[in-house]
Every structure is written in C-alpha cells, then in structure tokens.
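Beneath this line is the structure, given in structure tokens, with notes to follow.
First chain written, first letter: the chains are A, B and C, and each begins at residue 1.
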Amino acid sequence: MTDVLKPRDAKEVEDAVRWAIGHEKALELAGHGSKRAIGRPSQTDVTLDLSGLSGVTLYEPEELVLSAKAGTPLAEIEALLDKNNQILAFEPMDYGPLLGGGAGEGTIGGAIAVNLSGPRRIKAGAARDHFLGVAAVTGRGDSIKSGGRVVKNVTGYDLCKLMAGSWGTLAAMTDITIKVLPKAETEATVLVSGLDDAHAAQTMAAAMGSPFDVSAAAHLPDHVVSWFDGLPNAEAATLLRVDGFAPSVMHRKEALAALLKPFGPVAVLDAKDSQTLWRGVREVRPFAVGAARERPLWRISAPPRRGHEIANLITPAAQMFYDWAGGLIWVAMPVPDEPDAGSIRKAVAQVGGHASLIRAPASVRAAVDVFEPEAPGVAALSKRVKESFDPKSVLNPGRMWAGV
Amino acid sequence: MQTGFSLAQLLDPQTAESERILRACVHCGFCTATCPTYVLLGDELDSPRGRIYLIKEMLEQAKPATREVVKHIDRCLSCLSCMTTCPSGVHYMHLVDHARDQIEKTYKRPMADRAIRALLARVLTDPAKFRFAVTMGLIARPFAPLLNAIGLKRMAAMLKLTPRRKPAPPIERTGKVHPANGERRGRVALLSGCINPVLAPSTDEAAIRVLNRHGIEVVVAAGEACCGSLVHHMGREAEALAFARNNIDAWTREIDGEGLDAILMTVSGCGVTIKDYGFMLRGDAAYAEKAARVAALAKDVSEYVGGLAILPLRDVRGLTVAYHSACSLQHGQNVTREPKELLANAGFIVKDVPEGHLCCGSAGTYNILEPVLAKGLQARKVANIEGVTPDIIAAGNIGCITQIGAGTSIPIVHTIELIDWATGGPVPEPLAQLAAQRAA
Amino acid sequence: MTLRMPDVDGEVLARRARIVSALRTIVPGEGVIDQAREMRAFESDGLTAYRQIPMVVVLPQTTQQVSQVLSFCYTEGIKVVPRGAGTSLSGGALPLADGVLLGMAKFNRIREIDFDNRVAVVEPGVTNLAVSEAVAHAGFYYAPDPSSQIACTIGGNVAENSGGVHCLKYGMTTNNVLGCEVVLMNGEVLRLGGKHLDAQGYDLLGVLIGSEGLLGVVTEVTVRILKKAEMQRAVLIGFSTSEDAGACVSAIIGAGIIPGGMEMMDKPAIHAVEEFVHAGYPLDVEALLIVEVDGPRAEVDYLIERVEAIAKTCNAVSCQVSTSEEQRLLFWAGRKAAFPAVGRISPDYFCTDGTIPRAKLPQVLAAMKKMSEKYGLRVANVFHAGDGNLHPLILYDANNPGELDKVEEFGSEILRLCVEVGGVLTGEHGVGVEKRDLMPVMFSEVDLDAQQRVKCAFDEKGLLNPGKVFPKLHRCAELGRMHISGGKLPFPDIPRF
C-alpha cells in the first residue's frame, strides 16, 4: 500500500479522491507540504501530492488575470509576475522558515487554501479577495468549477471564498485563477521609534486614516527589533509603508512623516531597506530563527485598534509583534510545550477576533484547539458545509476542528 | 412602467395626463431614498414609488378609493422631494393632485375626518375667520394635552400650533398701493394671503419695505384672497379653482391696468400653487390664457429681490443663520441658491442644514392632520438645525416657521425680514434680544 | 409572465388566514400587510417585467422579530422572500404567491461608527449612500458605489455583492464587509466575522455575500470605511472605434495604472445622455472613455499626465482633462444619467449585465449590433471598462404586446455570447430570476449540485427565496446521498500513477 499518491492531472486527482472514498481512506492534501505542520495533526492514511499539477496556463497582464494549476510553485508565479512588473497583491506570507523549512517554498494552491495574506492585506485585500476562479475535486469525487477569469462575477455562490482558508478540507483544488496587480515602481517606509504598543496602535490608526495610501502598517516592540535588518536603532519600531510611482512616493513619504511627527521620532527608510524590513515581517522573522523556533506560536486576528490590549491579558514573558495596523498579532509563548491556550482564548474573547496556534509540537496540537472554537451555531453550520462537500471525511479530516 | 388604461378612459384629459406621468416611471426606487415618510417608516406603501402604484391602480380600475389607499395618500406631505430626486422626470405633483381629487370625489371619509377638513378649509382660507380661530385657540390652548390624551390628536395638534400671543389686529390690506422710495424702477403685486396677516404681519411689512427701498412699487391687489393651496392639497378641487380664478381676476386687473413686472409671494407654499395655475386651469377656455400669464409672473420674493442689487446698511457680520430650505421652495419651485445668496450678500454667515431635503413636517395642514408623523419630522429637523449651532434660523414659509419655531428656542424669522433688517429696516422682533446683546 | 416559478403550495395558501394572524402576533401594528391592493406595491422590484403579489408582506423591526418570523415559517413550511429597497435589476426580490415577502427597510439605523478601526456597523435597511454620508464629516466614505446607491440598501448590497464604478480599484461588497449578523431559515441567529480582518474558520461570510438572499437574512453588517482620496480628476477621451478604446484601457493597465474608475459608453448611449444632460460629450465618436484617477495629490497629477499621453498613442480623437471639481462632476453627469436618459427616449428599457474579457469588447459590440437589427430593438451600451462588466440597455415599450418576449430573447442571446467569449452571466446585478435559466450555460449539473449542497447546509428545507438563481430545485436528502452498492462505493481501485 503506497502512502503517497501523485496525480499528473485533474482527472487523476478525481480518480484518486474517488478511490479514497471507495476504500474509505483519508487523504492528506499537500502541494509542497510546506504547511504540513499547521493544524491539528494528520489523521490520514495517504498523502495526495498535488505538486505534479504544475504550470501557468493563462497569463494576460493587461487583463490582470493569471491561471495556473494548483501545484505550481508560488516562487515560479512570483518570478513570472515580476518580469511583467506585476505582483500578487495580497503579498503572501512565507511560513517556510517559521516551520523549519526553507524560504520561498509552497504552491499557489496552498497559499489560497490557507488564505496566506501578508502586510499588504490592509490596503489590497487578502488572498481570498484576489481569488477569481477555481476547478477542484470535492470530497465526493466530483470535479467542479466556480467563478471565472473576470473580477466582476456574481454568478452563483462564491465557492472560491469558501475554499480560500479552508485548509484543504472541502475540496482538492486543481486549477486556480487569480487577479494580479501592477508592481509598485518604488517604496519607502516611515518609521516612528520608541513607541509602546498602545501608542503604536494610535499612530498606525492615524496613518491608516490619512489620505496617503499606506500599504502596510506594523509595530515591532523593542524585544523583537534585533531580529530585523535595516532598522536605525534598538528601540521599538512602528512601520508605515507607502509605495507606488516614484514622484508619488517621494511626496507621500514626506507628508506621512510630517503627519506622524507628533507621535515620536520619525525616520524614513529607502526602498532597499524597506523591502528588507517587510520581508522580515512576511517571514515572521523573530520567531523563525534560532531558539525561538521551539516556542509555541499564535497568530491572532483582532480589531486593529484593540490588538495591543492582548499583551496585557497574557503572560508578560510572551513575545510578540504586530502587523495589519495592529490587527494581526504574532505571539510566541515562552515555554516550548505550553501554548497557554487558556489565557489566549480569554484575551481574544475580551478583545474580539480569533487566535490560531500556528506552530507547536504535534502532541500539543492534538490536545489543544488549534483554530479558534466557533460559537455553537456557527460550528454546526461549518460542519454541515464540510459535510456538503466531503460527507465521508476524505479530505484532511480533523485538520481544523475535531470531527470536521 | 406598463399601464392598463382603456381607450375610453384615456379620452379624459386628466386621466391621459396621469397616464403620461405613470409611463415615465421606471420603478427604479430612487425616490424612496428622499421621501420623509419612507425614511421614517421604511414601508414601500409610504414611499412615492408605492404611492404611484396605488394611484395607478385606483385610476386604472376606476373604482372608489379604499381606506388603505386613502391612508397612504393622506400621509404624503406633497413635499415633492421625490421630484427633485427622480431621474426620469415623473411629475409626481400632478399625479397626487389628481389622486386627491379622485379621493374626495369617490371616498366617504369618516365623520370626524370630514368635520376637521371642512373646518380647516373654512378657517385657513380667510384671514378674518383665521384670526377668530386663533383667538379662540389661545383660550383653549391649555386643554391641548387633555384632548391629546382622550384621542383627539388632531384637535390637540391644532391647538398646540396656536401661537402664544394675540393675533395682530385686523387691518384692510388689499387694494393698497405702497409707492417706491424715490424713482420707481418696477411694479409688483404682493399676495397678502390668509395666514401672514394674522400670525406674522411683520413679514409682508418687511417685504414691502425692502421692495420700496429699492425702487419697487408694491400693490396688494384689490379683491385678492386665498390662493387655494390648502384646499387644493385636500383634494377639494372646485373650491381651489374658484380661489384661483378669483386671484387671477384680481391680478389680471392690475396687469391690464398699471401693469405688473411680477407677482410675489412671501409664503412659498402659496408660490407652488400659483405657479401651477396655468396647469390647473388649462381646461378652462375662459381662464387658460390668463392663468398661464399669471403663473409666468409668479415669483417667490427671494427670487425677485435676488435680482435687485441690495444695499446692506447694517453690520450683521458674525451672525450665523441656518437656512431652512422649505420644500415648497427647493422642490416645488427649484429655488435653492437665491435665498442663501441674498443672506450671504447681506453679510450673514449662512449654514446649510444636514438632511436639508427632508420636510419639517408642516406641509400645509399636515401637522394637524398627521400629527404623529409631523412630530417625528419636526424633531428630526430641529435636531439637524440645532446641530449646526446657529444664532438665527431663516425660512421662506410661515408653515415652516411655525412648525420649527414650536420645537426650538433659537429665533426663527422669515428670510425677507433679515434682509429688511440688514438693509435698514427695524430689527425683527424675535431677534430683539440678540440685537441688544450685539449693541452692548 | 413566461417565467416558471416553484409550484404554489395550495396547502399553505389554505391556511393563509391563520398564518397572517400568527404573523401579526410577532410583528404588530402596520408591520403585516395582507390586502391584495396594498401588497401590490411589493409585487416587483426594479425588474418590472416580472410581478407577483405575495401571500403576505411582513416588515419586521428587530432581529428578534426576524428570527421569530423565520422560525415560524420554517415550522409551517412557508417560503420567504427577503427584500431591501426593491431596486434589484434581476428580480431578486420577486415575491412568491405562497410566500412571505420579508421587507427589511425598517432596519434603517446606523448602529456604530468606529473611525479607530475604520468600520461602520449598520442595519441592513440603511442605504448605501447613507453610510458614506454618515462618515463624510470625518473625510471617510464607503467605497462600493452602485448607481442606485441613493436608494439601494446595504443588505441588498450584501445579497448581490454589489459593485459600482469604483469597485475596479476598491473592490466589491465582499471585499469591503468584515462581519455580519445573519438569521438562518430556521430562525437561528449567527454572528460571522466582526471588526477583525479575516475569518475564524470557513469563510461563511464570503459565501453569504452574493448569495442573493438564499442562504440567510442579514440583520446587521460591519463594513469597512476608507479615507477619501485627497484628490480626484478625470479624463474624457473619445475614440473612432471601440477597438481603439479597448486598446487604450489595456495600455493604461499595462502601464501599471489602476484608475479609480474607468467607464465607457457607445454612440447611442452618448447621444441619449447628451440630449438631456448637456455634459459636452463629443457626438461624433464611436466610444467615449471616462478615466478617473484618485489618490494623493502628487500621484493624481502625475498619473493624469500619463493617461493623457497614453490616450494620444491610442488614436484618441478627443481628450479633455478636468481642471476643477465642477468639470470632473460634469464629465460624470452624463454617465450617471445614462439609465434615466435612456428612459426618456424610450417608454421602457431592460438593463442586462454580463462580464467579458475586455479584449473581446469590439467583437461583442459588433455582434450586438447585428442582434439589434435582428430583433428590431435599439440598444445602448454602458461598460465598466476597467473590469469588463457590460450593461447593454435594450429599449422597448411594455405596452406593445409581445415586445417583452423579444427583449428577453435578445438579453439571453447577449449573455450566452458573454459566456462564449470567456466571460460570465452577471457581473453585479445577480442572477435572480432574470438569468436563472441560463445557469446551465455556465455550469454543469455537477457544478450546480455542488452549489445546491451548500444551500442545503444553510437551508435544508429550501424555503428561503426558492426559484431564484438555480433553475432546478432539489430535495436536500436526494442531493446528500452518495450512491452505495454492495456495501462499497463504485469507484475504481487504486489509481495507477
């Protein structure tokens, strides 16, 4: 009995899923397997390796659309887009280093399946906002399609939204169509030094409420700044990025710097330093290197203005930094096997939002809720949705919640 | 919109006109957004689009109006905000006027309803009767809450609108000519009307002073009387047309006599109707042409004065005026800029009122006949006005002034009285305190 | 009306009186309307070609009432059709003869404005424009701006995933909503999302938006609000062919410029609006492009110059740049008046809505000209050039017998063509009843069944807005089954690869 199936095309994916249904096997869906270690530990029999479905099938830069097979490496797509001065506007995170792998791994299917959205989310939207069309094999062995190759499309239910962020539990995507956007000519980052978390939240709110079109907003408390390259000093750094056409960036960075002066000492970083810095944010650098790799890592999504309150509600030994103007918080707990889920859940209940245990040993992830437990009504609905796609629990069973 | 009138029905000119109006409606629903009753109630039946539907059905079926249809048509303020909003040019005003006429002809109202309407039709169309009613009202005013409690809400509403002071003593105003100061540059008629002489004679006196001051002779035509607006809005069409003909005759005598450059109104509610005289009497061979001529000469006082070069004499700088744009001016006559420009040129700081397109709830007799909705709109309007913290409120319609005045302590005066003050006239009485503070 | 709707449940109609009085105990006062003459006002939405008086109209005011009404209908097996402002152009709010028409327009309060988190929490009956107006004093606005924004409600926007001129740059409703409170058909009240920026588990909010009132009734919405751009300027460009116009759009995007809005009008549309609005549109061009650039001042001036330069390289025959806010508004006045202007030259018009890959526009326009001759009906085109969303306006007279049927055929043919060239049936107006029977043109049975199963997860009795979007109704039990024989599912042995 093989424990890896590697289909060569969409038809073979369908065959594989049907086989699994027929023989009551549970499948683990994997592109490059770069995010294998996220979620509740695998309760599957066989791995469905989708990396064989690779290759860009359509790319029309002036139509802002690209289609590719789901197993196409993200790096390949990003390189192609870059050649044409375009980007994936949702600036996908890179969890590779975080999870003990290399940087630049992962497939486009994986990125969409986990709604992998980075700093630019606050301006340009999340991965799910750029996901236009899909062909996939459901847990019933049905090959379906939804959406299309055009942005304006309200024909039928938006199944793309359901599949994005579903962690491969609803369907095995075989073909993906996404919206792509122009790459900015240049960028700059305005930096305010020495702010505590609460003042940083206020500063970021002011920047986001300005007409200067901020494309990323993050706050690095002083206990994490040493991990980032390109910072002028060892104080806490609140970062606001502006990008676009050169003349525009030139004016806006100065205007933004002037606006933020009342909040603290301001510096402006040029394109090169800015890019380095934000790469570090995308890789969750402080918790992706050295001893920090052993620490349980939470990803908290909260109302941006209130994110900073989380710090006061959990152990002071936790380390953290903020993205999405305070709406995304990476929290590393001090003790390797102790995620301290109780305090995190309580904090999130008070502030609003949800928390996911992105990294922890498998034994911990088996014992603790990895994804935020949903309210009973929503949980029941999620279960029914799962069953509508995958009644036999063939696809990544239990990856998100027990019994789903 | 698809219509289902028979050819026989379309032989009637009024029905044909309404069919034309109905066909223009594409049911887009934009009108619902700016309709005061829809904004308050969220019920399609209390929106222009819904009312158009009800009217269409009533006219097509040629059956008597029902209680439900009457309820929703009665709730229409005739503010005409919908007409300003409608992208398709639906003439809602003519349609609802036809509907009201039809209702009065085919629907038997409950006795209390008939009684109060008859009372209003009699009292509000004649200054002498109105003066008497106000005097009586002053005496009965303290009983308003009691009346409200026992369910006589409309009587209570009427009493609450009675001003707290005695009405002005009766003076014969018609047939008077007020010569210009110095060289005469123009000649206009001024409608004295039914309500102003009793509640606010200062308004017309101010208008006359402003006009005289700028070289315009003013005549209050002999034989003029009510413009017919209120009874027209109640669907009492025969009475309305009789009033119209009377005034047309009075003004025609002046036009054919010494001549008139314009016929002015200080009550914008009257202005809408007088400008519509041509349409209302289009089927009357004897009056059609005269009516059209009178309608073409009709102007709101702010429109006309705005065309004169006014000379501000008094320093009124620093006084903030919230300009309340009466529905009958902004929607009914499309007069929006002129009063504000007048005030600004006179030196006042002019502020717009948020949700300025929404009615204050006065709407003729609406604040008596539909007291609950009127109160809701009054509260909303007052809150919006007070939110801009003005020193003074200016408006071009006695109905609005009474309605808003009853809900706020900020002084409210007619626009023309402010212009009079700014160009050398006396300080309007509600502003006496304010002016004293400035002098000190 | 040639439209087939689900079979009327005579059993429910027989109980009508009892149902109405039960509803009156849940929603007292004027909130229950049951007389045909009054219900008639609710018989259609913006698509007046289709009309149906409902069994009863209910206008609730609280989430509690909505929950109780739905729960009651669920127990009694009564269908429910939700309605916002009734401005839908696809018949999404068309009532059912045996159903409750649930009007949400009384939910008209803005509950909270949170500038710190840049969101507003509003009731579903609040109009789209009212949201922007409520935050305008602080220099904010709500980005999705359908042309009916003065009247259409946020709840309706959620149901249809509404777009608008500015959705090219700022996204559609689904990209601008962070949370909602929704009542399921069985009366259950759920909260999805909130002020935080991504979904907790499955993106249930994402599938709810655009579900056209089939998955739940929304009773509260949390929307994103954005800071208004410092400046907006527009360029009005005329072309002698639609190919040139299309090429210009491609060139602008190819240069890395994403305008705030990019709209195109064809000659018939230009003539119709110019006669009524006098915006100064050139009358001798085949296609007119309005490109709006918004953003920080420095950026706008720079980009306007670049757009102007690009226009010249694309054979523009006229090019005007707005130099003031008044002029910019004037450029837009014509485009915004397109529908009503067309309404003035024709007793009625039918607005269709398909999306095509932009490069296919000249081909589609040429084909439509031929169709116009074939059907003997004039057509004017308004096109969201930036994202390929096309609005052909077919002019007709409803009082002419048989004309409506021709219009429907013409519309269907256009939409089939859209799908044929790689586009979709509807860009922003929704499927509703209008395009329901064309769904098989885009989706296979298997595709449609998968969507239906999602519906079953939300509403297994199929009582919420049946007869819309999907041409066939299935019983959920039937759809849920997987065919088993001999204890094993008949699927192949281990695949040989």
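Everything below uses one rule, namely that a residue touches a chain if its C-beta (ideal position, glycine included) is under 8 Å from a C-beta of that chain, and two chains touch if they have at least 3 such contacts.
Every value quoted in this text rests on a predicted model; they were computed, and no experiment measured them.
Comparing the CA-atom centres of all chains against that of subunit B, the greatest distance is found for A. For chain pairs B-C and A-C, the one joined by more C-beta pairs in contact is A-C. Subunit A and subunit B have centres, each the mean of its CA atoms, that are 62 Å apart. Note: centroid distance subunit B to subunit C, computed from Cα atoms, is 40 Å.
Note: centroid distance subunit A to subunit C, computed from Cα atoms, is 29 Å.
Every residue of subunit B that touches subunit C in the complex is listed here, in rising order: 1-3, 23-24, 26-34, 38-39, 41-45, 49-50, 53-54, 57, 66, 68-69, 72, 85, 87-89. Those residues of subunit C whose C-beta lies close enough to touch subunit B in the complex are 30, 33, 35, 37-38, 40-42, 44-46, 48, 59, 85-87, 103, 105-108, 125, 127, 129, 148, 150-152, 337, 339-340, 343-344, 347-349, 398-399.
Only residues 2, 5-8, 12, 15-16, 18-19, 21-23, 60-65, 85, 115, 117, 121-122, 125-126, 128-129, 138, 140-146, 148-159, 161-162, 164-166, 170, 181-183, 185, 205, 208-213, 244-245, 247-248, 250-252, 255, 301-306, 324, 327-328, 352-354, 371-372, 374-375, 377-378, 381-382, 384-389, 391-392, 400-401 of subunit A touch subunit C when the two sit together in their complex.
Considering their complex, residues 114-118, 139-140, 160-161, 163, 167-168, 171-172, 174-175, 184, 188-192, 194-207, 209-211, 215, 227-230, 250-251, 253-254, 256-258, 295-299, 302-303, 355-359, 384, 387-389, 422-431, 435, 439, 442-444, 446-451, 453-458, 469, 480, 482, 488-495, 497 of subunit C touch subunit A.
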